[in-house]
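There are two complexes below, and they share subunit A, which is joined by subunit B in the first and by subunit C in the second.
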Partner chain A sequence: MGITRRSLLQLVAGAAAGTMVTPLPWKLLDDVSIWTQNWFLTPQLIRGETSERLTTCGLCGGGCGISVRMLGSVPLSVKGNKDQPVSHGGTCPLGMGSPQYRFHPTRIVKPIAKNGSNGFVPVELKEAISIIGKQLAKCKSEPQKGTVAVLDWRPGSAMSNMYGDFLSQLDRSYHLVAPSNQTTLTSALEVTLANPPHQVGYDLENAKTVLSIGAPLFEGWNAPGRLAGVNRVWSGKKKANRPYLIHAESNHTTQASVSDTWLAIKPGTETALALGIGHVLLSENLVDAGALAEPALDLDEYKKLVDQFPPQTVAEITGLKKKEIVSAAKRFAKNTPAVAIGGGGAGAGPLGLEEEIAILGLNLLVGSYGKPGGILPLKTLPDEASLAAVPNKEGKPQTNMVHLIEPKKAMPLTSLEKIPNRSIRLLILDSAMPVTAIPKSLFDQKLAPDAITVSLSPYLAGAALEADVVLPSQVTYEWEYDVPTPTGVPMNTYAVSAKITEAPPGTKAPPEFMELIAKAGGLELGENAFAKHIDDRLEAIVKSGRGKVFDAKSGKDKDTSTFKTAAKLRKTLSNGGCWIDDAPVAEESTPFRLLGIGDQGATRLSIMGKGRVTTLKGNSKSHPLILMPYGDRGVAGESALPQVMTKLYRESELRQLYLTAHISPETGTKRRLTDGHHALLDTPLGTLDVTLVHDHAVMPEVVRVAVGPNPLTLGDVDDGKFASILDITKVTGGSVWRLSRASLREVHLG
Partner chain B sequence: MLLIGFGVVLYIGYVILPALLYEQESQPLQFNHAVHMGDEGGMSCDDCHAFRDDGTFVGIPKTASCADCHEEPLGDSAAEKTLIEKYIKPGKEIPWLVYSRQPDNTYFTHVSHVKSANIPCAHCHGPHGATDTLRPYERNVITGYSRDIWGSAITGIKTNSWDRMKMDDCANCHTEHGFEDSCMTCHK
Partner chain C sequence: MVINLDRCLGCGTCMAACAVENNVSLTPAEADYRRGITWMYVTKANNGKKFPKVDTVRIPVPCQQCEDAPCYHVCPATAVQPDARSGIVTQMPARCVGCRYCMAACPYHVRYFNWWDVKYPSDKALNPDVAPRMRGVVGKCNFCHGRYQKARAQARMDGEKDPVGVPYVTACAEACPSDAIVFGNLADKETKVAKLAASPKCFRLLESLKTETKIYYYSDRAWVRQLGNNPGFISKEENNG
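And then the complex of A and B:
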């Protein structure tokens, strides 16, 4: 019997049938699929002993105490340290995702420079520094054509001091900060108080009434981890002992939802509300006008002003009911300590100066300034100058700390909008994460025609995309730096964000890049200037004997005097510790001007009291809507997001994606704007294509558009070309872009 | 010929395949669970396979745990001699081959199963504690994982709860006990 074709086919058929009743195919399929999960191309988890590393998060300057779970030298996850007195265990999503920053898809590990239409190309470090050095030389030789500026995202830090050392060696330079809640509040303090402090904090932990006008307290305001911790502190109290939250804002945000009272004011009417509350406080004798007479240098003028803003008038301006205004004022006056907080969100930008003056005035009227539960003026951090003023035990000034270079006059920080246009020829962008967004137009108008921008950035994202040269900085956990007092915290603090892992080759800590840049420009920063700034600060703290030190390892506080050397203090701070200053001393009543300095105070407040919208340029007929950009801290700033947050945005319907225009259903119906359709959003500055979303949380006739997240970060674009809503918002007064006139027109894509 | 083809493939599937698919490797030490847990040792599973204060599971203990008792020989077995000479004295970890190792994409928490659901160790790991030797580790040459995951029977059919540790074994048990699962329950 031979093997025929028939028999062969029978064999194959039999084998096929047999295969079906053996585990052969299924087992092999299963095994091969598992094999593909483990083949050489797949990243493998590392295994080993885990440990906990206590440190301070330095991503945003919020100073949250954290515990990092480590596997060897690899940070895996982050949680808050509940014993840390600044953050009370709070962190934010960026902090919790911070171990992922090291592997961000937009991370760069080699210097890059713009090369015409080719975009960014890698360059050798020497070449990158040479480009910067040549521009620096031009600035020195031709200062009239433009000079050097550093945009500093963390004023007061050792890096900030280093920028100051660098800039102070130039005949003309700018040490810049971006417009922010902090800069506007500082300006308000300077024109209101006779003795303005350099920084204030809000004693929320002890407040009984918190009136937030615009400030999104639980949505990333100031130090978000701290506010998360404060919320925990409040939640731990019996309901009767928790503070009463009043939040004034146009849209029904998360902050509005969690507040006890939401005052849904019309856009831009914050000043009116504050003046209206001031009217009630005085007219109903809710504050002691007699006691105010001495410190309030312009009380009579203020009374005259607020007489123009009785509750009925304010109700018409703000859209509130008269009783809401009166009730808020009464609670603010009677349920003390009470504190009024102004501010905008990370995408909306700060309130205007007039708004902050009016809000600050409420604190002064009820006596919250300088008192527990209110606004507390902070002393400067201990430094050589302050120690020099305090004699040592022998009665001699303490000036035995040596600076590396002859200290020149400290470079004053200047807000970006205050410098002349076209005055910057070399702009250096700080490496710290810009957690707030600012319109690109604010930068562009300050740059000279041949300006070069240098970004010290770990990522090719956000502002780095606009730079000409990007130097690959190390990310948090890869280098050690200080975290001075976070904004809004009611006591001075000082902490250190430790280096806990190795950085990729090719990257450098930002101070190293600054040393190279200085050298290229013939400037001298001195050896280890950055580390010395931190050590100087620590030495000053030790010598001052002020305050106490939270030791994260033991969870206990130690008196500062127990630290004999700066090195010992640094060791404690590098392990999650935190120096906390003495509590601010309650101020004797300091003189103040409720209307600010100058003859025009009352006039400016009166104009703004009628509503900032009335001051907007543009035609209310052609642009009948009010555009209100907004954004979350760290997301709006267009800096990199940890990869886990892409899930928060991609999969959550509670978060806005950029260029989605949220309008109330009422506005949609009235103006024939259909949910989900495309529209053209037009302002006097330009037009953008947006997607319409009907949202009950938005006030009628308002268009709410998110600033960020950066679509590059979400993987929506990969060429760095995308539009931001801030490209078409109008900046008024140099620092306010929260309101613009706008129109929406639905379009049908063919 | 039909039957021949059928038979050949059956033979390959049930006899050749298991023989080729797994390679055997001996454990570095012949650990005697029975003597440790019996009258002589008087130990229980969690004396060595313990939970830390934070709820994480120690797994297979470190050499230091063995050294607590075996710094000096307690008996005259070859295994103990190897333990002391090769691992305790030089301070080296024993490279145990873990029968129950799951893929890296699988998240499993012992504490919720042992402490919260009160599942005895043997339910998943079998009467391991009664053995006086460790059976060879049978490594799947394609996946690298232990034969214990798929199960000793090439068909994957199990007669005891501890015969297999595949995803559907976990999922079935969850379903029996009324737990609704999502992907993220076990794959974070």
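And then the complex of A and C:
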């Protein structure tokens, strides 16, 4: 009997059926599955013992105490240190993703320079420094054609001191800071108080009423980690013991939703609200006018001004109800300590000077300036000058400190908008910070026609894209630097962000680049100038004996006097510690002017009281909407963000954030702007293509557009430049870009 | 887990912490909320009222760790294994064949398919305690199972024979700067999480489906509690008010 086709087929089918009931195919499937789990396209984990490294995050100057999980010398992840008394364990998503900064697709490890239409090309370090040196020489020889400026993102730090040392050797130079909540508040303090402090802090932990006008406290305002930690502290209290939050803002933001009262004021009417509350405080005798008569040098003029802003008038200006204004004023006056805080968010930028003066005035009226639960003036950080004024125990001056750099000519910090246009011929941009953003027009107009811009940046993103030369700086964790008092903290602090990992070859810490630039320009910074600035500061702290030191390893505070040397203090700070100054002493009442110094105070406040929108240039008929840029989740994101941020900004958003214009459904209906469609957003400065989103949280006739992030900053692409809403926002008064006239018209792409 | 929605600021720190802890892959630029991989994501909701009566809430949504998990019932490869003792619905990528039935079955949309080969900022900076997944398998929150295993291993070294209810904290709860996320042993009535979960102001998502999730959401606001489709949790006063 031969083998037939039928019998062969029967054998094969039988064998196949039989095999299926054996473990063989399933084992093979399992093995293939395991094999593909471990094939070359799936990374192999690097095993090893992990450790925890305590340090301070220095990404934004907020000074959050953190613990970094390390695998050898590689940082893996970050968590907040709950014992750290400044941040209370608060961190932010950028901090969580900070170990990834080193690997950003836009990271550069070699100097690059613009080469005409070819874009950026790599150059040798020597050549890059030579370009800068030549420009520096021109500035020195022809100062009338333009001078040298540094745009400093971190004033008060050792790096800032180094910039000062560099600039002070030039006959003419500018040490600049960008307009911010801090600069505007400082200006307000200077024109209001007879003895303005160099910095103030808000004692939120002890306040019973917090009136935030514009300031998005829990959305990246000032020191984000600290504010999130404050939210934890507040939330942990029983409701009756929690502070009452009143938030005044045009749109229903996260801050508005977590506040007890939200005052939905029309855009640009912060001054009117503050003056209206001032009116109620005085007219209803909620404050002691008699006691105010002495310190308030212009109380009568102030009364005359606020008489123009009774609640009914303010209600019409702001769009609120009269009873809302009166109720807010009464609570502010009676539920004390109360503090009023002004400011804008990361993308919106600061309020104007008039707004800050009016808001500061409320604190002065209720007596919360210089008192616990209010605004606290801070002393300067210990330094040679402050020690010279305070003798040691033997009654001798404390100035004979070794290793101090000879004090150079003091370099005042100037806000960018205050210098003449076209006055900068060499602009050095400090490392770009990921959180803030400013309109490019602010520094473009300050540049001379043949100006060169140098960026000390690890990434080719954000402001670095505007530079002519980019020097590859090291990122956080790759170099050690100091973190002085974060903005808004109610006591001086000093911490160190430690070097915990190695930087790629070719990159340098910003101080090293500054040494090279100084040398190329024939200037002298002294050996190890940056390290010496930190050591000097630590020396001064030790000698002052002020305050206490939080030791992160033990979780306990130690008196400063227990640190005998600066080196010992540095070791503690480099391991997540933090020096905390003595609590500010309550001030005896200091004289003040509620309208600010000068004849025009009342006039300016009166004009702004009618609404900043009335001062905006442009045609309200052709541009009937108000454009309000903002920073989503408190981040403007114009520089690089850790790539894990795509989870927040792309992979979880139902609507893509980049160039999305949020409008209320009422605006959409009225102006025939359909949800999800494309539109052209037009301002007097330009036009952008946006996508429309109907959002109930946006005030009618307002357009909200997030400043960032864009695909480049998220690492989705590694070249190209992306438009920013700040490209078409108007800057008024030199420092306010939170409001612009705008229009939207829907377009249909065909 | 109890998540206090009145404390949540929507900052996204939990999202970032989860992705870093669990070696969640980056995705190409075209990946949006449908194809992105967000084991923890924070969504937003509002009360449906017009401006200025609008109110908003931010809601962190991880895997709800259902007691009666629909995904478990549909998985043909037994890649989903609810652990009866810990309550964690574990996901085993090694068994997953990528059919995505579990994604269709999940009413909370908290399962994520790896559409692309995995990619990280650096392969050298991954969490060594969590195996990366490959393209073609589904992943989801597993209450930081790697941390749970580590805690159990430590308990064994300390002498416990068969540790189950070991204390540990998930990455999201550890990271949350507002302490909005509380994690712990729901079965132990003395724990903070169990006490919070017992509050009448807690609700679970889509409770009418009877999935018996282990994520409780807390809010003082009645309209927020209604989001969970749980009308029974609104008090008479709130109903009449």
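Everything below uses one rule, namely that the second predicted complex is superposed on the first by the 685 of 750 C-alpha atoms of A that agree within 3 Å, B and C clash if a C-alpha of one lies under 4 Å from a C-alpha of the other, contacts with A are read in each partner's own complex, and residues count from 1 in each chain.
FYI, a residue touches a chain if its C-beta (ideal position, glycine included) is under 8 Å from a C-beta of that chain, and two chains touch if they have at least 3 such contacts.
None of these values were measured; they are calculated from a predicted model.
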item: Residue contacts with subunit A in the superposition, subunit B compared against subunit C; value: C
item: Which superposed partner A:45 touches (first subunit B, second subunit C, both, neither); value: both
item: Subunit B versus subunit C as contact partner of A:32, first or second or both or neither; value: first
item: Which of subunit B and subunit C A:471 touches, first, second, both or neither; value: neither
item: Which of subunit B and subunit C A:74 touches, first, second, both or neither; value: second
item: Touching partner for A:712 - first (subunit B), second (subunit C), both, neither; value: neither
item: Which superposed partner A:699 touches (first subunit B, second subunit C, both, neither); value: second
item: Which superposed partner A:228 touches (first subunit B, second subunit C, both, neither); value: second
item: Contacts of A:10 with subunit B and subunit C, given as first, second, both or neither; value: first
item: Contacts of A:280 with subunit B and subunit C, given as first, second, both or neither; value: neither
item: Residues of subunit A at both interfaces, subunit B in one complex, subunit C in the other; value: 34, 37, 44-45
item: For the subunit A and subunit C complex, residues of the former touching the latter; value: 33-34, 36-37, 39, 41-48, 50, 71, 74-77, 79-80, 89-93, 95-97, 99-100, 102-104, 218-219, 224-225, 228-229, 231-232, 235-236, 252, 254, 257-258, 262, 264, 633-634, 642-648, 650-654, 656, 664-666, 696-700, 711, 715-717
item: Residue numbers on subunit B that touch subunit A, as the complex places them; value: 1-10, 12-14, 17, 21, 103-105, 140, 142-145, 150, 154-156
item: Parts of subunit C lying in touch with subunit A, wherever the complex brings them together; value: 4, 6-7, 9-13, 15-17, 19-21, 24, 26-29, 31-33, 36-38, 41-43, 46, 48-52, 54-58, 93-95, 97, 117-118, 120-128, 131-135, 171, 174-175, 177-179
item: Contact set on subunit A toward subunit B in their complex; value: 7-8, 10-19, 21-24, 26-28, 30-32, 34-35, 37-38, 44-45
